[in-house]
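In order of appearance the chains are A, B and C, and numbering begins at 1 in each one.
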Amino acid sequence: MSEDIGLPISHRQRLWLYGLGGLVLLFLIAPSIIIVIMSFSDSTLLQFPPQQWSLRWYQTYFQSLEWRDATIVSVKVAAMTVLVATPLGTAAAYAINRGTLRFNGTINALLTASLIVPVILIGIGTFFLYAHIGLNNTLTGLVIAHTVQALPLVVLTVLSGLRSYDMNQERVARSLGAGRVAAFWQVTMPQIRFSIVSGALFAFITSFDEVVVSLFISGGETTTLTRRMFNALRDQIDPTIAAISTCLIVLSVVLLSVAQIFGRRH
Amino acid sequence: MRAQPALMQETARADQSLNAHALRADARRESLRLLALLAPSLFLVFAIIIVPIGWLFWLSLFDEAGALSAANYARFFEQASYIKTFVTTFKVAFIVTGACVLLGYPLAYMLSQLPRRAASICLIFVILPFWTSVLVRTYAWLVILQRKGLINSWLIDLGIISQPLSLANNLSGVVIGMTHILLPFLVLPLYASMKTIDTDCLRAGMNLGAGPAATFRQIFFPLSLPGLASGVVIVFVLCLGFFVTPALMGGGKVIMWAMRMEQTTSLYSNWGAGAALGVVLLVVTLALLGLFQWLLGARATGVWSSR
Amino acid sequence: MSIAPSALPISMRRIEKRFGSVPVLRDLNLDVEAGEFLTLLGPSGSGKTTLLMVLAGFVRANAGSIRVGDDEIITTPPHKRNIGMVFQTYALFPHMNVFHNIAFPLKQRGVAATETAERVEKALDLVKLQGLGERRVDQLSGGQRQRVALARAIVFEPRIVLMDEPLSALDKGLREHMQIELRALHRRLGMTTVYVTHDQREAITMSDRIAVMNGGRIEQLDKPETLYATPQTRFVAGFIGESNFIPVECRNGSVWYEDRRIHTAAPTPASGQHLMVVRPEKLRLLAANAEQPNGVNVLDATLSDIIYQGDSFVCYAVLRDGRQLTLRDYCRSDVLARMPAPGQPVSLGLDAQDTILVAAE
């Protein structure tokens, strides 16, 4: 297996590199692992490793009306964001992939703008706009703002799926008598559906984990989980957040695994 | 008058070429169809990003009395607190970017040299944090670094220190947290570019008499520079506008650009000043990305596709 | 299953296509007869694939007219053109099995299930893939995929079948076998077929007529044998078969190479600079100093090298002006007996009826 690298440097000579790389990997992953372990601690103090185990922080999380409401808001917003961003992003990626429009480059840059524009500016700008049209503290407002942030991920994921797909198949379907829509649904769509699902999953995580814009435009009954967490962290370090964080980490792991599995089948 | 002959020529040509008109109409219909697919997305981006930013830019041109002025920009050079914010921001950005390079390069290099299976397992450790909420990761570092946090309690238990070190709620906390969060943004494009380096080039280098160290220095490293540069630019740009970690881990002492914007608008409701900060931030960001793209011709958003 | 009654002629008039400002098809006119197997042959970039795409409706021309029978189809969307198409990559649908791939065009046309099954079965028979309907596409060999693509393109009895280098992905032996099979299938079904290839041997083997394309235009449209025997331009002479070119001059209706008069069977142009096309197999080694009958052009040269190839040999000879000529002949003992050695002077003979002139560019 290692022969395909095949440089005449032995793994032993590289030991220092593996050591250093391993340490950096540890640095990347350790915080998440520590939080997961601490979430099962019985203590209000931050001890590691915990002396006593319990599920009390999970109980606090699930029994608190505030946390539960915020979670429901976040799930709702993320689900709706997926429902909006996925078809829009897929349609846009399809059009970009055709590459026949004159301003393809500009369109591409516009659609991926939210990856480049500082998110604090999007937050303040959206808040300012929503203040004038009454969308602050509404689900609709959150879904629209999160959709804009999720769009580039859907577009890029679907686009990479379309690029590895042989467009001649859609052509041949057309020549065999399928109209535009039929050719897309019967031939193209089944073959890029893994990319679309991956894009949808990324859209979900993006919306669910979004903090900065939500800080500005969510509040009251539409307070998102991340906004509530942010405020809680500003006050004090509450171990309940470890339980919530563990749930978020698990969510990320699950969604990423699903995306990976889909990706592999593709 | 001069347009007349050209027009006639055009009509004559149109008459000569069969069905040119119908074909042009057909092409237009096709373009419209594609635009219809793009329209909803473009509209949303336009409404949520372009319009508000344009609006804020407009606001930034007026002072509090509503008169056209450059006051909102002038104060960046005049007020010490603004200057301090910029200095802090760039200081953090440089330190974090440097730390990311120091940690990320060896990691990416190791990943690129590992056998495929091992590399893809290690890569999970990079991608998972990438997709974990920034809040969760910041919280984790708070737990680890604070006064009564893990590090301090371990060090005290081991008797290495008697007084807790102040690791969180200051610059070091911000730097550590941000380095952790931004490291994948450097590693992923760098790893992707290292994977494309042809091993035969390295073999040739060794064949021509360069030792492993010389091969790395003279062949591998130069070839990995574009990937490194793209990672560095992305990390630096993201640092400039970073909000969550400094807000939570800075302890109110480390005021970075984005926090300043938040305070100016939310706390003091000074939209003009906040907008001006945003405009300058955007201009600096775009300038850096533009410079990078001009120098290397690579797309700055590449990191997202290199997952 | 016979498709012949519905085979239709195609008439393309003044087709123009530009990509940006780069012209790829220039004022192109082409008539394909009903039931004909016509090949578009040309180097890459000659516009042959673009022309096929325009015909199928995947590329929109800037101007022009395409008539199939009596219908103008230049603005008809591809799915209403009723044209079968086989792509170079086959473009089989990987998420459908062989049966559903072939049934796809029938499904689009609302053909009933029982009839669909019947027709797919017939099409599978026709391409010799009986019983493979349930196979997944990725379980097929390259040749089988090719056949599925073909079956799919003819199962709905299209008026026209287009093929874009359909055999180029196959290895040599299979490719030659498929050429013969495709030809036989065309004879049997009689559908109007437009075939694109850059392989002249393939074109000559398969086609009723060949249109040689170059620079977005059709250089010559003829039967394969005519195309080879009487190329009309330097490009065609160079592209089809091997050729040496010798510059000649026409004066007062006679043709001159240096100070020697050249005999031709065909009428010669009155004046101007021309090129004589010399095919290697038309040249003969003449016995030294032998009197030559009229009607044979003799070229004096020096033999520079001989390469034996078993059944045949190739001679490289250099004319007095330094131009190199190639001669190919079979290893008959009479020829071998008087084979000169390299460095010796030789006389090369070319019959008047094999002497072709094309305009110098």
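Keep this in mind: a contact is a pair of C-beta atoms (placed from the backbone, for glycine too) under 8 Å apart; a residue touches a chain by one contact, two chains touch by 3 or more.
In this text, all values refer to a predicted model and were calculated from it rather than measured experimentally.
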item	value
Dominant chain pairing [most C-beta pairs in contact]	A-B
Most widely separated chain from chain B, with each centre as the mean of CA atoms	C
Whole-Å gap between the CA centroids of chain A and chain C	54
Mean-CA-position distance for chain B and chain A (Å)	17
Shared interface positions of chain A, touching two or more other chains	180
Junction residues of chain C, two or more chains touched	none
Shared interface positions of chain B, touching two or more other chains	30
Contacting residues of chain A [partner chain B, same complex]	1-2, 4-9, 13-14, 17-18, 20-21, 24-25, 27-29, 31-32, 34-35, 38, 45-48, 88-89, 91-92, 94-96, 98, 100-101, 107, 110-122, 124-129, 144-145, 147-148, 151-153, 155-156, 160, 180, 205, 208-209, 211-212, 216, 226, 229-230, 233-234, 237, 241-242, 245, 248-249, 252-253, 255-256
Chain B - residues contacting chain C, complex	16-20, 22-23, 26-27, 30
Residues of chain B defined as touching chain A within the complex	30-31, 33-35, 37-38, 40-42, 44-53, 55-56, 103-104, 106-107, 109-111, 113-117, 122, 125-129, 131-144, 146, 148-150, 153, 180, 183-184, 199, 202-203, 206, 212, 237, 240-241, 243-244, 247-248, 258, 261-262, 265-266, 271, 274-275, 278, 281-282, 285-286, 289, 300-301, 304-305
Interfacial residue positions of chain A with respect to chain C in the complex	166, 168-169, 171-180, 182-183, 186-187, 190-191
Residue ranges of chain C in contact with chain A within the complex	56-58, 77-79, 81-85, 87, 89, 91-95, 104-105, 108-109, 152-153, 156, 162
